[in-house]
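Chain IDs A, B, C and D follow the sequence of writing; residue 1 opens each chain.
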Amino acid sequence: MDPSAYIILSAILFTIGAIGVLLRRNAIVVFMSVEMMLNAANLAFVTFARMHGNLEGQVIAFFVMIVAAAEVVVGLAIIMTIFRTRRSVSIDDPSLMRN
Amino acid sequence: MPELSDFGNDPFWLVCLKTLGVFVILVVLVLFTIWAERRVVARMQMRIGPNRTGPFGLLQSLMDGFKLALKEEIIPVTAHRAVYWLAPLLSAITAFAAFAVIPFGPEVSIFGVITPLQLTDFPQSVLYVLAVASIGIYGLVLAGWSSGSTYPLLGGLRSSAQMISYEISMGLSFVAVFLYAGSMSTSQIVSSQQSLWFAVLLAPSFVIYVTAMVGETNRAPFDLPEAESELVGGFHTEYSSLKFAMFFLAEYINMVTVSSIATTLFLGGWMAPWPLSLIPGINSGWLPMLWWLAKTMLFIYLFIWLRGTLPRLRYDQFMAFGWRVLIPVSLLWIVLVSGLRAIREEMGDTSNTMLAVGAIILAVLLGLLLLATMRRTRVREPDIVEPTGPLSPQAGTFPVPPLPGQTFEYTPRSRQPVAGATTSGSQEEPDA
Amino acid sequence: MSMSVIVAAASEGSTGEQFTFWTCAILSVIGALGLVLSRKTVHSALFTALTMLNLAVLYIANDAPFLGLVQVIVYTGAVMMLFLFVLMLVGVDSSDSLIETLKGQRLIAVLLLAGFAVLLILTLGTALTGTQSVGLVAANEEFGGNVQGLAHLMFTTYLLPLEVVAALLITAALGALVLAHRDRWTPKLDQEALSRLRMERYAETGAHPGPLPNPGVLATSNAIGTPALLPDGSPSELSVPPPLRGESRSRLAAETTEIDADVTEVREIAEGKETMRPKALRDVDGHTDLAEVYPEEKGD
Amino acid sequence: MSILTAAQAVLPMSDGAPAENVEPITATITAAQAGGAFPLMWLLFALPAVGAAVLLIVGRRSDRWGYLLACALPIGSFILACILLAQMMALPEADRQVTLELWNWTFAGSFDAAFALRLDPLSISFVMLITGVGSLIHIYSIGYMAEDPKRRLFFAYLNLFVAAMLLLVLADNYLLVYVGWEGVGLASYLLVGFWQYKDSAAVAAKKAFVMNRVGDVGLSLAIMLMFLTFGTVTFSDVFEAAPEASETTLTIIGLLLLLAAVGKSAQFPLQAWLLDAMEGPTPVSALIHAATMVTAGVYLVVRSNAIFDLSTTAISVVLAIGVITMTMGAWIACAQDEIKKSLAGSTMSQIGYMFLGAGLGPAGYVFAIFHLLMHGMFKADLFLSAGSVMHGNDDQKNMRLYGGLRVAMKVTMVAFFCGFLGISGLPPFDSWFSKDGIIDAALGVNVFAGLVALGVAGMTAFYMTRMLAMTFFGSPRWAEDQHPHESPPVMTVPMLILSIGALFGGLFFVYVAPIGEWLAPVTGYEESTPVIPEIPLKLTSLAIAIIGIALGWRKYATKDVPRVAPTNVTILTTAGRHELYGNAFNESLFMRPGQYLTRWLVWFDNRSLDGLVRGIATGIGDLGGKLRLWETGYARSYALSMLGGALLLGVVVATARWF
């Protein structure tokens, strides 16, 4: 099958993820959107691996998964901490770095 | 012995037939397990157990199932309908799906087609089991959440936390098996145990797996998420009728699944045990299914036995055990196994060195264990003071009943008429 | 099961793969849209899980069975579960307000995204036309299988990244522990301290030290909104769960009148003994100030 | 040999006549070759160092036993020093220079200074003085500091001092000398400020420290210059290479070394700190500011004799400083009313004598060191006695409030009197030999200096008589609640032992163990011919001393001493009371100009450099303020920026690919 279909799917998912990141205010949803973008990238990597006939794309996808897992752990911990102090998971609330 | 290339060649009708077979085996085994549990526990508690429905009460579970299906279904108003529906389905489907890669026997001839007695197999099939199990957890979490009630939510969270935790040590216990079998496919793992079962060769992995599988299935003594006395019934508190039956079914199928995985990975699967395996031809044809069944039943009996014997753990103890004992020990064991294998790869036939190193490591571990136990015995004895003399109910802390050897000293208040206690002006003493 | 079918289909490049791809692609796009569009966060999480499951299938279809299974175990089993946990900890009912608060964010975002989409379509369109996939059959066969091939790459060429990533994971775990850790400023309340507190509160305010009475005890029905009857026949509002209390006022009143007859009967039987229960104890149930009951105890 | 010519006995004699030239020690043998206890010589300073470390690290837990340990360790060092002395005397004269290289602690490029010790007659003499007097003062301190809550700390610092001082005199190279030099400076600072809750003590400690730093700069510059010139800082190598250097270089090195010596030894013009340093506990004054540390300057000059011998300018400056300080110190000692300050003035004066001796060149080195050793004993004795007097009089320091203490403090008076005999130049006691040796040599080299020295000898006798009389004789002038009492034996016994040294040290070193023969191989010796014949000279000096004593006795013992210092005094007395305006001198000459310079520099810096820097900073800040508007604080805005950036990048890349 033509691998470009997978790549296009990956692009679609990535864009939808980006929409989520940009437009949603719930920090957890934003975070899930980031995961969605990572997954889309992974799909592209896996497809590239198949297209080029070597496994390195899969290895990269594997590393992306690990890094994403690490990121989720820390990110969710941060969200929890913010929630504890602010009673809110809105990503716009912790804007202490403003100006 | 079936090879990996033997799979995936079945005609469509045979696939359907095999699927049906797996389904039937599972359902029958579940019915039997429920009955066996009630009978065995009853025996352990000097009771008789169900013995009315069918011979030895064998049909009891079937009848219970019918009854459950026919009961009125109550759905809480606060429940989230779609997810409430989805949850038991997820539980049951994943429970069945995990069984697809369990080998029941060697290649047999079914209606003229030579095929392995196993629905399917592929190089990563054990990982598939883990993956399916991790999806199954969704059933629990979603059931707990969608019920819209506090107890199920807590129970669901607890169960899933527990299952995820124990899935880690479970996965880790597989690693040594993968290393020795050189494959993640169930059929290959079975065939690599021809000479020696992994339960013997990788005894620590086996022990870890057996412990983790009890935690994974939420069974006693690790059944705290469903602790009736604490959480009413866990994640399925608000479920009734057929949906509850599905959870029930899923739980018992999971029992059977983890038992059969234990059989497959550690007890040589469908192969006959040692003295019997010397008989030629005993590991061919349909007969090995019997060995598989016997080994699986052995584990199911273990489950029942544990339930009848052990008290329930506290949640924090349980989690601490999983994270601080099982996982570190698994990791150590994996390091040891891979280290030994690496030594063997690098140094060739130097089993003596390996044995010496192993002995030293074992000695060190034993020493550490000994130290740990010695430390535990050094716990300071609490100072027990035999209370004597009169005791004031308000003395020191909070009112306590007099201990043996103490006399109760009445406060002036208890002797006085209680102010405002009279509605008709009577001044009677409260009886002491 | 279906997995081997998928694998087989993928390697052949047959209509089987077409079917798998379209099914999973549609489902995963639905999941992604659901993630962005759901108002309830839990729904977003479930939709995400759906997408990830479908992506796993697509990985398998793309000759990456190991990665597909790892995707299920890691993403669906662990990551998304973690999300669900956090959701339930921060309150699952937190649904998002869809009003945009940042000035111009939505407009610029839409414009940029549109540009991004155009760019993607253009680049992908030109880059992908006429590409043909080599397939992984040869690469997989080299070391005897997909897992073996991956392992070979990871433990030789990519050994350093692997070690670094392992360190990263440990760091992340520690970081999460540190972030989620809350220092305990007060000593942990054990059973003894709790009971002491309860008794102190009893001594100070007269709050009932024991567990609350169960609903429906000695009452006509055991429904959760039905108040229990005390031994002297009066209904105890404390036995009703707080959310139902206000709502059940009327029911309480009805219940009271309904059982009034029984109570009178009991009272008549117990005639001469006035009450079966000292007034003081009833007062305690009703939160009477203890000072009224035991005035001389004040000074202690 | 008559007593009058006894001073000559210190000189190296061969067949009753002074040797023309002394063969300097050339051979250096290592400790391992020397054998015996020599390889253990590092223990000399290691023992007290360990004591200091233990007391400081173990802390309060050692309060109960720490001081005993601190006493035992210097005594151990002393015993070891005795053994080493005996072994060294057994060595042939030319071999009396033992080195012990412990490890190499500094190497940078060609610079290479080993942590090496050197034991020769000069350093072993110092070691004996430091450990002997040090041990006695440690023991004395047990009694003196008995009531002090921080006694353990005091002993720790004392041990630290002893260790540093021993390192100073044992060092084999200038860099290690510098370590010891700074170490004693630190110990002195800590001990002067030991009662730092008193403002005066804290200020005095700071002052001593700062003024010492001025000298230390000289030493460090000298070391650098030495390395630059000779490529090494080891004694033997430097001395060997010295004749090849130009005289200017040697003069500069010598003057820098002299600056260091002047700072450490409180000589003019860096003399102002010594009197203030008397704020420290009296054992400190006795050990550090009389017997050992302040003489380190003399040690440095004598040790570097190879350099000074080659530079007439430098050695003349040494001589001049000696003469000036000698006079100043005596002057101050005559006018001060506080017993310790008077003694401090005396110390300055006596060290001035030593500098004078050292400034005479080879003719005077031996006498400088001889006088140094004698001074170490009698001045320690005097200080300890003074401390005992203060101890018995509620820490009263003003001599005008003593009077007639001979009744109450007999032992102390005996000890003080012995010290008096030792210092005032009466035969046959210490100064009779050592000071007159210097005067003799001075008259041979520089008549003017010799005559001044003779005069100051009379002043010495005068102020010592003044102190003796004001303290122990005359009518009692104590306050009502001041109950003078004798000190405990733990204090008086060390005093008495030192008294013996003060009385008979001179005789011992002249007749029993001739110090000149002992030291001359290290310092070199040249005979000088006095302009006045010997016997008239001796008689003159004795007469001057007796006149001084008589004047003092007449003024302070036979007349009543007013309790409050009289104000209608000569300008000389007023100047003496103000320490000859040393502080004012320093202030106007160094401090004020320094302050003005600093202020001007700050002003200049603000206007020129800072203006430029601030301008740039303000510009960047303004730019940052503009850029800051981009930072909204909202994560989603940042995400938007990222998307924009990615888009831009993608467009660029795609364009590049297409065209």
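In this text, contacts are C-beta pairs under 8 Å (C-beta built on N, C-alpha and C of every residue); 3 or more make two chains touch, one makes a residue touch a chain.
Note that this is a predicted model, so its numbers are computed, not measured.
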Taking each chain's C-alpha mean as its centre, the one farthest from chain C: D
Chain pair showing more contacts of the two, C-D and B-C: B-C
Whole-Å separation of chain centres (CA-atom averages), chain A against chain B: 34
Gap in Å, rounded to a whole number, between the CA centres of chain D and chain C: 79
Distance between chain centroids, defined by C-alpha means - chain B, chain C (Å): 23
Rounded Å distance, chain A centre to chain D centre (Cα mean): 74
Numbers and ranges of chain A residues touching at least 2 other chains: 18, 22-23, 25, 92
Residues of chain C whose C-beta touches two or more other chains: 66, 70, 78, 102, 105, 109, 113, 116, 146
For the chain C and chain D complex, residues of the former touching the latter: 102, 105, 108-109, 112-113, 115-116, 119, 122-123, 126
Residue ranges of chain C touching chain A (in the complex, touch as defined): 13, 17-18, 21, 25, 28-29, 32-33, 35-36, 41, 44-45, 48, 51-52, 55, 58-59, 62-64, 66-67, 70-71, 74-75, 78-79, 82-83, 86-87, 89-90, 94, 96-97, 100-102, 105-106, 109, 113, 116-117, 120-121, 124, 128-129, 131-136, 138-140, 146, 149-150, 153-154, 157-158, 161-162, 165, 168-169, 171-173, 175-176, 179-180, 182
Touching residues (chain side chain A, partner chain C) in the complex: 1-9, 11-20, 22-26, 28-29, 31-33, 35-36, 39, 42-43, 46-47, 49-56, 58-59, 61-63, 65-74, 76-81, 83-84, 89, 92
Chain D - residues contacting chain C, complex: 632, 634, 636-637, 640, 643-644, 646-647, 650-651, 654, 658
In the complex, chain D residues that touch chain A: 628-629, 631-636, 639-640, 643
